[in-house]
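Note sheet for the following structure.
Chains here go by letter, A, B, C and D, matching the order in which they are written, and residues are numbered from 1 within each.
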Amino acid sequence: MFSSALFRCTFRGVFLRRQRTGGLTKTRSKGPPTDKPLYQGYQELATASHSFQETSTSTYNQRHFSTEASMKKLLVDVDCGVDDAQAIMMALAAPGVQILGITCVQGNTSIDNVCKNVLRVLKVCKHQEIPVFRGATKALLEQTVSAGEFHGKDGLGDAPDPDAPDLDLVQKEGAVSAMIRIVNANPGEVSLVATAPLTNVALAVKLDPSFPQKLKGLYIMGGNTDSRGNTTVCGEFNFAADPEAAYIVLNEFICPVYIATWEFTCRSKLPWEFCDGWLAQDTDKARFMKQIFKHSMESSHSERVEKELVDGQGFISCDSYAMAAAIDDTYITETEHKAVTVELAGNCCRGMMVVDHLDILKKTHKVRILKKVDLERFKVLMMNALK
Amino acid sequence: MFSSALFRCTFRGVFLRRQRTGGLTKTRSKGPPTDKPLYQGYQELATASHSFQETSTSTYNQRHFSTEASMKKLLVDVDCGVDDAQAIMMALAAPGVQILGITCVQGNTSIDNVCKNVLRVLKVCKHQEIPVFRGATKALLEQTVSAGEFHGKDGLGDAPDPDAPDLDLVQKEGAVSAMIRIVNANPGEVSLVATAPLTNVALAVKLDPSFPQKLKGLYIMGGNTDSRGNTTVCGEFNFAADPEAAYIVLNEFICPVYIATWEFTCRSKLPWEFCDGWLAQDTDKARFMKQIFKHSMESSHSERVEKELVDGQGFISCDSYAMAAAIDDTYITETEHKAVTVELAGNCCRGMMVVDHLDILKKTHKVRILKKVDLERFKVLMMNALK
Amino acid sequence: MFSSALFRCTFRGVFLRRQRTGGLTKTRSKGPPTDKPLYQGYQELATASHSFQETSTSTYNQRHFSTEASMKKLLVDVDCGVDDAQAIMMALAAPGVQILGITCVQGNTSIDNVCKNVLRVLKVCKHQEIPVFRGATKALLEQTVSAGEFHGKDGLGDAPDPDAPDLDLVQKEGAVSAMIRIVNANPGEVSLVATAPLTNVALAVKLDPSFPQKLKGLYIMGGNTDSRGNTTVCGEFNFAADPEAAYIVLNEFICPVYIATWEFTCRSKLPWEFCDGWLAQDTDKARFMKQIFKHSMESSHSERVEKELVDGQGFISCDSYAMAAAIDDTYITETEHKAVTVELAGNCCRGMMVVDHLDILKKTHKVRILKKVDLERFKVLMMNALK
Amino acid sequence: MFSSALFRCTFRGVFLRRQRTGGLTKTRSKGPPTDKPLYQGYQELATASHSFQETSTSTYNQRHFSTEASMKKLLVDVDCGVDDAQAIMMALAAPGVQILGITCVQGNTSIDNVCKNVLRVLKVCKHQEIPVFRGATKALLEQTVSAGEFHGKDGLGDAPDPDAPDLDLVQKEGAVSAMIRIVNANPGEVSLVATAPLTNVALAVKLDPSFPQKLKGLYIMGGNTDSRGNTTVCGEFNFAADPEAAYIVLNEFICPVYIATWEFTCRSKLPWEFCDGWLAQDTDKARFMKQIFKHSMESSHSERVEKELVDGQGFISCDSYAMAAAIDDTYITETEHKAVTVELAGNCCRGMMVVDHLDILKKTHKVRILKKVDLERFKVLMMNALK
């Protein structure tokens, strides 16, 4: 692993460049007030992260025992495309975060590809001790919406990987069963981060109606606030890919729910310059990311993607916004507290998340829709992911 | 009619008050750049308006002949609530504008009330020569969405009017027939301003498929851009009240179409201080408006209305935004050019206008969705309406 | 081609054969009681028809005046495919029946083809005095369901017709306007026979809400009772081709409504032997019918058509069942009196007629769904059509 | 109450009467060929049943081992109303049938009532060794359709039962997990009989996609063939109560599937005289049935129920028709082999089973829709259920 000093140089390089263009100042002014100079903030987090990384050289169980009391326990449900990989790597690198398991679901790519992609990410990050579970192979109603090949055919940019881990490493236990078991073993402590079609998550509550109330929180990347689709006319991919699952989850998860919607991620994009610096880190993780991200980076510059974005160009690691919310309590700076549901019918709106501004649906449970986050903290979390 | 000098006094009074609170400066900074002092702009428009008003003391036909070449010819389709009344009064007062007819449709209130309300407005404005036509009594599918009683039971605030004109003054010819006849008599010259459920307008194209291409333009108040409903969870009243009609109109009117959506009007609200000054003018029209507007002004301060608005409080004369676009060519400063349709199914989204940002629907015809307008010009048009 | 003498033999042969098997008796016992032998019935009607044909050599107006009091006045709304042609010819041949106008609507083929087909039928039948009106070119929502080419590309079996009448013969007045005018001129006297997508009929009530109550009755061919589609999975063509129009008509026509559904016509099919004899008549009309019917007769023997039929093979002149009901008061022997509507949403059921057996919809208006008819009378009406 | 001797008289009386009218002969000729007189058939089956009942006094496991090879193994999924109870009792009494487990699902009544009702039935039948599992408490989307109180508030006619078994007797393992485990332990041997909303069954295939192919067959009571609803306008209760579950099951269960639809059961009703004799048997089971059936028998004579039935009055033990198909291989005498699905949208048709007569959906898997069954065998199975 490369030293944090090396990282800092690269990192500062990025931001010095940005400061020259005035971008940083502007960015900072949007963030929450802080008396500390920005650089010092990075230092502290980097240090915390570093000390944790040392701990993590011990075995999974040791770490589990020694730090359990204060650890943030995560279950992560993914359809591992490139941004899921980024989110997982963020969590793996974050201090004080323990991933209890990664459950896989069809979405960006087939369930086999998703499982393999997660195993590849864990291998690169040297965290193959984390159990991986296979989940739903199809949406509840099997009316599949294709993710196209934004993340490549295999979901990770079709980058060759001759030493990819074998699927035998996937657990025998199914994803839904594992989710229920793990949460029952850690009642009130687990944050479930769902960055994929919500099929597995919906099945968990159908199998165990008390599942939601045993969670600490649910962090979702998906859905819309402003009817701006990225897959169907008005639908975001994760919700449109399994509208019934999203409907079940939004109706039945009465735990604290945080949603990073498509429009939110579009408004929270990072400059491509940040991405350049991020990928330029001299680490195996960064090299891995550069390989798998190449395909979707190129797609991101296409006309269609520009149309999709609410305004202008930029780097959007969708799933990482939800992950950051589960990891860092100070990251979210503004949410909207609203009742939401999912439209199930219609030619244009099936799968669209609906925000009930007028309380017409009379739902008592409200979710937290992310409005503003501390993008500087987000950048730190992103940077650390590839350290 | 009051002299323009009297008006100027009243008018300046309003704005002087506002300048004291700093509101004006703020408002001006949002407007388009102008080298002229604001007051002078008002003056010019007022003068133009005034000279026109003199002309208008001659008979309807004389005026028709003498100024026809340069006149903007309007057909106005209304469900005459208070804001329809405001829009009509704006058009009646605008220089160079000729209303060829007013067609009525059920919406804010019953068709009989709508007809009577239009007759009352024309009487107050001394324009009873303009023909009024009775149109659809129900939505195409009769699945009525109630407007509630935002504008009162009678649509005009339930203000007593012992001398209301008799319904016998309504033309024998039906609204749809009249629309087709009038547009055929003025091919390429008529702007149709539709500030109501689009039942009549949809029927016109079903009866005469060439109707749209004979229009100069269609100006609609209705629909959504961001799935923010004011009647159903995601639907704006005029569209939700007859989704099939809105669908037909958005699909088949291949003429230039301008849409002032609900979200646009919310973002373009005027300060209540402007409204105070507007109503305080010493004219019969202002006194009439004050009477009929009382009910909905009070409603506007309710909790529900605050929730409906995109951000904050303010005075929104919804229908007037579409009317202003038909009247004043320099009023619109930015539009989005998009394919749109209407969602017809769904529990939450039926009646929601859908913007096809991704060109998934492959529609060649695009509409102009109003994004920014010159609010100062809008204020002038509003002010003149009650002069 | 067979001479009429030969035909009579064949024809009587059919029935003699049936009598031997006892089938005829059974059929007759279901029909209304009659003391006359069947053959004599044919004779009488034929005579009545013949004497009427003589009358019809006088001008349209003379006939109109001389027999008006006792005449059945029909308006016929068609998308003139082969079975519409058969229904029109039945009405033209029926004694005591006066067609006030034929309105055309897109359906089996384009509106131009429909108009031309009607003109061809009127020419063959020497009734070009009957006015033909052009109606809707598209369904209300323009979501067209194709009729395929069951009746050929031109709707009349693509039989060459070098002397086809010119479209100039179509009236200048539109179909909907004509329907309203004609019914207003004959209040309570007109039976409207609708054998096509109900677009024109729906528009008539939207333009004039009192239209239905001024009708004597409405006779529809269309819809389902048992969710057995012939076009979509559960939808019959005329309803599926314009579900919103069918919905409007079933909801708003509170006059007596008689519906010959797809399942009813399938259960009421005639033996192909009857068809052979029918076409073998030595008349210009029969020769015309043989030409235009060739294409769909061949289609009728295909596998798909067999699947469509409720049980077994046979000759079904769909539209003629509704026409016969309007012409002959003794033809209907059993109806179901039910509230009905049309399903507007769904992948399989959009356009399906819904029978509310349980009165869940609480509709006060009920229609008469044809259950049993006197097929012998029907055969007589059919036979006469080509005489 | 009638003695069993008396009953036999009555019972034979019924059939003697039928034999006189020739009806029996006709029915028998449609059934599978048999040389034995009907009465002797009753005797033999009764004897077989009796000898089996003796065997069943041994323990569950013994019986399991000794007869396993030739036993029909059933899993039964119920929402235990009165007809589910009848179906369970039929299976318990049938020779050569082994119930491996009974899974419960919300439907006719709450999940707790369903579990208790099953336990009560097992107690009366002295088969408390059969494990009972608790399943879904709500439909997949929780859009509950009420069963009303046709079977009483508690699902079993609100008959007092002071000694009802305790809910503690329900297994700890959940229904879906148990279904998967049991079928995996008996691959290719288990017939699943589902007489309730299909929530549990749908979840089983979502959790284990290979579940259907490990079944011997699936026997469903539910759905429609002719759009004749008994709960919604066009929907049968079991399907309308969870349309998405029914959709999943019809799409994903590619094993042999047999469906006893609502219309089929209506056409297959038994005379009330049979019911009288059935209940008059001098057994604890018959007395239990008489108590729990009283409420729904009274409802069955109401006007609404008469309207629901396809034609006329009669005794319909809906769920027993599906159970009989799983028990007796010679019971089904005619099926339709069709692709089917469920309509998910629409005001009237949501939850309606759709038969794709025209192969529009291009589904390769077809189900067997029951058309005709041997009602005499059905009566024997029914009779034995209360012996």
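Convention: contacts are C-beta pairs under 8 Å (C-beta built on N, C-alpha and C of every residue); 3 or more make two chains touch, one makes a residue touch a chain.
Keep in mind it's a predicted model, so treat the numbers as computed, not measured.
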Neighbouring chains shared between chain C and chain D, ordered by label: none
From the options B-C, A-D or A-B, the pair that copies C-D, where over half of the contact pairs coincide: A-B
Between chain C and chain A, distance of the C-alpha-averaged centres to the nearest whole Å: 62
Separation of chain A from chain D, taking each centre as the mean of its C-alpha atoms, in whole Å: 47
Chain A and chain B, separation of their C-alpha mean positions in angstrom: 46
Per-residue multi-chain contacts in chain C, two or more chains: 344-345
Complex interface listing, chain D residues touching chain A: 136-138, 140-142, 174, 176-177, 199, 203, 206-209, 244, 247-248, 251-252, 344-345
Complex interface listing, chain A residues touching chain B: 224-230, 232-234, 304, 307-308, 341, 343-350, 352, 354-361
